[in-house]
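In the two complexes below, subunit A is the common chain; its partner is subunit B in one and subunit C in the other.
For the complex of A and B:
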């Protein structure tokens, strides 16, 4: 009983240290909170930018909901209707598409810089875990949202991803081998990607994931407010600035500038213009599959290695990476910021190279164009 | 007489092969590096042959007659509208005529130069002939060479952009003053 009580008290102590709710006061946030100023200070703005893009996603997503029809017969036509016939529909849709990519980009930069700055260190473990959760939810947003327009690239790329889940079964022993097929069927809802899949992805994209996201971001922002910004560098910075109003004003001005850039991009540059037009024709199960079926750019870091290396290598790597990301505060507890920065640079270099030159690398490995 | 003409037209439709011209498609794909399908000129993305909407097997009597007339448009300026071609396909037919098109099959690189430099069916600011070379759809205003589209749209939407810059700037200026006021007030109360 004594031991149990001790464990319980330990848990209370752990949570009290991680969630010092006494800091949650107007006075603390407005008058006391400060932000360190150093060479990595720019990284403090990445989380805010991610939040800005989430807000844009939320607002534009609600507008799209007014017209979007989640049925295999009408989904593509409704997206075309939004794009070509609804007043400002093209702008809203393009804002949604551009800001989804920007959100994922900012989130990745935020994760990498937070890692390099050791922002996960005690007592900020919960902030890191909630951030990791947000990363996974955001990728899930990207994956589920990709299918909704029901065009060729959407349906075919979803099929490829779901197929790769099933393939994982070949590498699992005994009864576990059937598990990936079972998971695929649950996600897919029927024998092939069809109405049940679209309904599930729609429900996930517009209801379930936003709810999870709100919960996770609430916890994340609470952690940031309670502990303040992490020092970020080894030697305590001499200079600091007030969070309110100095930092928050800079943050809002940055939001304004970034919003304007994304607005101009959305107004003048259709995201789809980077791809071949046959990929955006309505999906036709009986028609020929157009060339160039790929997932969105932010999945290239898994997609190209999957095309080049043995499946089990990627599966193992991804499982370790996904599980490992939640344990970063404990795995790298005693690692110096210098070493963390080197690791962060390696991760960033990998992501940039595979995203920009993945196709080229693939062609070099396979010896021909895909 | 009408029956006689119909019989002649129907014979033309059925006895002559379907004129899909993959040479142009292959050329466009080669120079642009983009994937291009039959939907660039045809009503159906799988081309003219078949029974799906926009393909020969799906045409009714009136459409078959129209197809027959289109196939007789050997010279430019016939003003025909083929039921198996989209607006861009028909535009090529009317600008060049069938004879010239068949001639260009051997040298598809000359097609863009033979077309009007100003025709822009989708109104995206990029002429159809350029869109053919870029491998983008001449009837889809959202599909075009990204840089060309960006430049054209920037020119078209400058007033909207100016307004949103002013609105955002004013909003942020107001917010800045409100936050500074709140901060001073909070410090005074402290």
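For the complex of A and C:
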């Protein structure tokens, strides 16, 4: 009995150290909060930028809801209607696509720098875990949102991804082998990607994922408020600046500039101009799949390896990586910042190279297609 | 006669005073060229007044200088409505800044004991003239709209006439009272200028932009630490003020640019008749397409066999797409004997729809990951990502009366036969029993 009580008290201690809610006061959050100044200080802005892009997504997303119609016969037409006939509809839509990519980019940089700066270290484990959740939710946003315009590339890319889930079944033993195709059917809702899939993705994209995101980001920001900025470097910084008003103003200043850039980009350059048009025709269930079906660039880091290496290697690697992200605070508990930043550089280099030169590497491995 | 005094006599007195007294004062009382800062006597009110005052007045003076100094350029600029609007809005905003700060400066002169000890009559007179000047300017701007556009043309010639020594008051004598008052009090201000603390404006402090800010404080070793903290606090306050100003301006610009666009998003779309009918016909077409697909599905639920094509329509090199009993895409070709080859078009790799064109080796291509399939065997060519063959579909050929002529199951077992002469007329079906 006594032992159990100890366990319980241990858990309470664990939680109070991670979530010191008694720190939640105006003085702590506004008057005393400070941001260390050192050569990695720029990394402190990445989380805020991600938040800015999320806010843009939220606002433009709600705007798009006013005109978008989630049915297989109307989805593509309603997106075209927004783009060509609704006043500044193209702008709202371009903002939504541009800002989604920017959000994922910032999120990745945020995650890698937080890793390199050992910002996950005790007592900030919960902040890291909620951040990892946010990463996965954001990728889910990207995946579900991709299908909604119901054009060729969207539907076909979704088909391919869902099919690869089923593929995983071949590598599982016994009764488990049926599990992936079961999961696929739950996601897909019918035998092939159709109205049921669209309805599911729509519900996920506009209701369920935002709810989860709000919860996770609440926890994440609470963690940041309770513990303040992580020191980020080994030697205690000589200089610090107050979060309010100094840092937050710089933050808003950056938001202003970044928003302006994204706004101008969205005014001038549709994200779709990077692809050839036939991919954006309405999905045709009876025709052949057009060439050039690819996921969004932020999935290249799994897409190209998937094309080149045996399937099971990637599946295993992805599963380990996904689970591993959540255990980072414990795996790297005693790793020095120096080693962490080397690992971070390796990850960053991998992501950059595979995203920029994936097609080239693919062609080297596979020949140019014939 | 009074007009002649105000707009011709007074100006020359004022200019003479400005030039002569400024020179004498600079020559003989150089150290009196100062703004006589009172920051160390009272700085809380001052912070809220001095900065906005200088910001506002510099903007306004720049505007006056540009409008009257470069009337040609200016008139081109203000012919752009947006520019005129921005200039007027900025002008009125700056005037309000000046007005509020002058009132604060006056009040602090009257309520602070320390300040009263150093306040001279001229200090108060200067403030009052400035206040009068700002008020008349603001009143003129509000009562006689778009001054930025009309003033350079209407008043420019008068000012030039003064400086070209051919004074002509006729340009101003019929002006509205506010404008006349504004001009007259400007000359009074210029006349007083060299006698007062305003002379600090002549020491154009351009290096202030690059040096770090200075603060006038009491000097004592005891309060050193306190001042260091205070200076840091003041730095933050300065940053905050600047940023708040910037944020205010950017929010204003954003509201103009962004909100304007965002707001329009919710307006009714004005479409031409052609656009509207284009949209509607497209919508109908899509609905029909969905309806067709649903019909195909229903047909597959209820019917034992489904028509694919006339045998004569099939080609040996270009497949015809159709939908099998599981609603998956499939392709129909014809072989050398003129008999059909029905093969699934759903790639066994990741489910893309395979292309319909046959290459020279009798293969079809899945474009997603470049898998080639032989349509006779269904086998993928070596090295393709797909490892499993595309399955064949069973088929049946019937004549026009619906009599079964020949059938083949998915494994290739045939029953019946067909007379080549009849082949062209026969119809190709897929059957439920094969699926």
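By our rule, the second predicted complex is superposed on the first by the 368 of 370 C-alpha atoms of A that agree within 3 Å, B and C clash if a C-alpha of one lies under 4 Å from a C-alpha of the other, contacts with A are read in each partner's own complex, and residues count from 1 in each chain.
Heads up, the rule we're going with is that contacts are C-beta pairs under 8 Å (C-beta built on N, C-alpha and C of every residue); 3 or more make two chains touch, one makes a residue touch a chain.
Please read all numbers here as calculations on a predicted model, not as lab measurements.
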Practice item. Identify whether subunit B and subunit C fit side by side or clash on subunit A in the overlaid structures. Key: clash
Practice item. Mind telling me which of the two, subunit B or subunit C, contacts the most residues of subunit A? Key: C
Practice item. Based on the superposed arrangement, let me know which partner A:273 touches: subunit B (first), subunit C (second), both, or neither? Key: first
Check your understanding: Thinking of the overlay built on chain A, is A:160 touched by subunit B (first), by subunit C (second), by both, or by neither?
Key -> second
Exercise for review: Using the touch definition from the top, say if A:63 reaches subunit B (first), subunit C (second), both or neither.
Suggested key: second
Practice item. Answer with first, second, both or neither: which of subunit B and subunit C does A:332 touch in the superposed model? Key: neither
Review point. After superposition on the shared chain, which partner residues are touched by A:92: those of subunit B (first), subunit C (second), both, or neither?
Key: second
Practice item. Please indicate which partner A:171 is in contact with in the superposed arrangement: first for subunit B, second for subunit C, both, or neither. Key: neither
Exercise for review: State whether A:139 touches subunit B only (first), subunit C only (second), both chains, or neither.
Suggested key: neither
Review point. With the two structures laid over each other on chain A, which partner does A:264 touch: subunit B (first), subunit C (second), both, or neither?
Key: first
Point to revise | Partner chain in contact with A:212 - subunit B first, subunit C second, else both or neither | key: neither
Review point. Following superposition on chain A, which residues of subunit A contact subunit B and also contact subunit C?
Key: 242, 245, 249, 252-253, 256, 263, 287-288, 290-292
Practice item. In the complex, go through subunit A and note every residue touching subunit B. Key: 26-27, 30-31, 83, 90, 242, 244-245, 248-249, 252-253, 256, 259-260, 263-264, 267-270, 272-274, 276-281, 287-288, 290-292
Point to revise | Residues on subunit C engaged by subunit A in the complex (per definition of touch) | key: 236, 239-240, 243, 246-247, 250, 258, 261-262, 264-267, 269, 271, 275, 279, 282-283, 286-287, 289-290, 293, 321, 323, 326-329, 345, 349-356, 366-370, 385
Exercise for review: In the complex, go through subunit A and note every residue touching subunit C.
Suggested key: 63, 66, 71-74, 76-77, 80-81, 85-89, 91-92, 156, 159-160, 162-164, 167, 191-192, 242, 245-246, 249, 252-253, 256, 263, 282, 285-293, 307, 366, 369-370
Check your understanding: So in the complex, which bits of subunit B are touching subunit A?
Key -> 34-37, 39, 45-46, 135-137, 140, 142-146, 149-150, 153-154, 157, 160-161, 164-165, 168-169, 171-172, 175-176, 179-180, 182-183, 186-187, 190
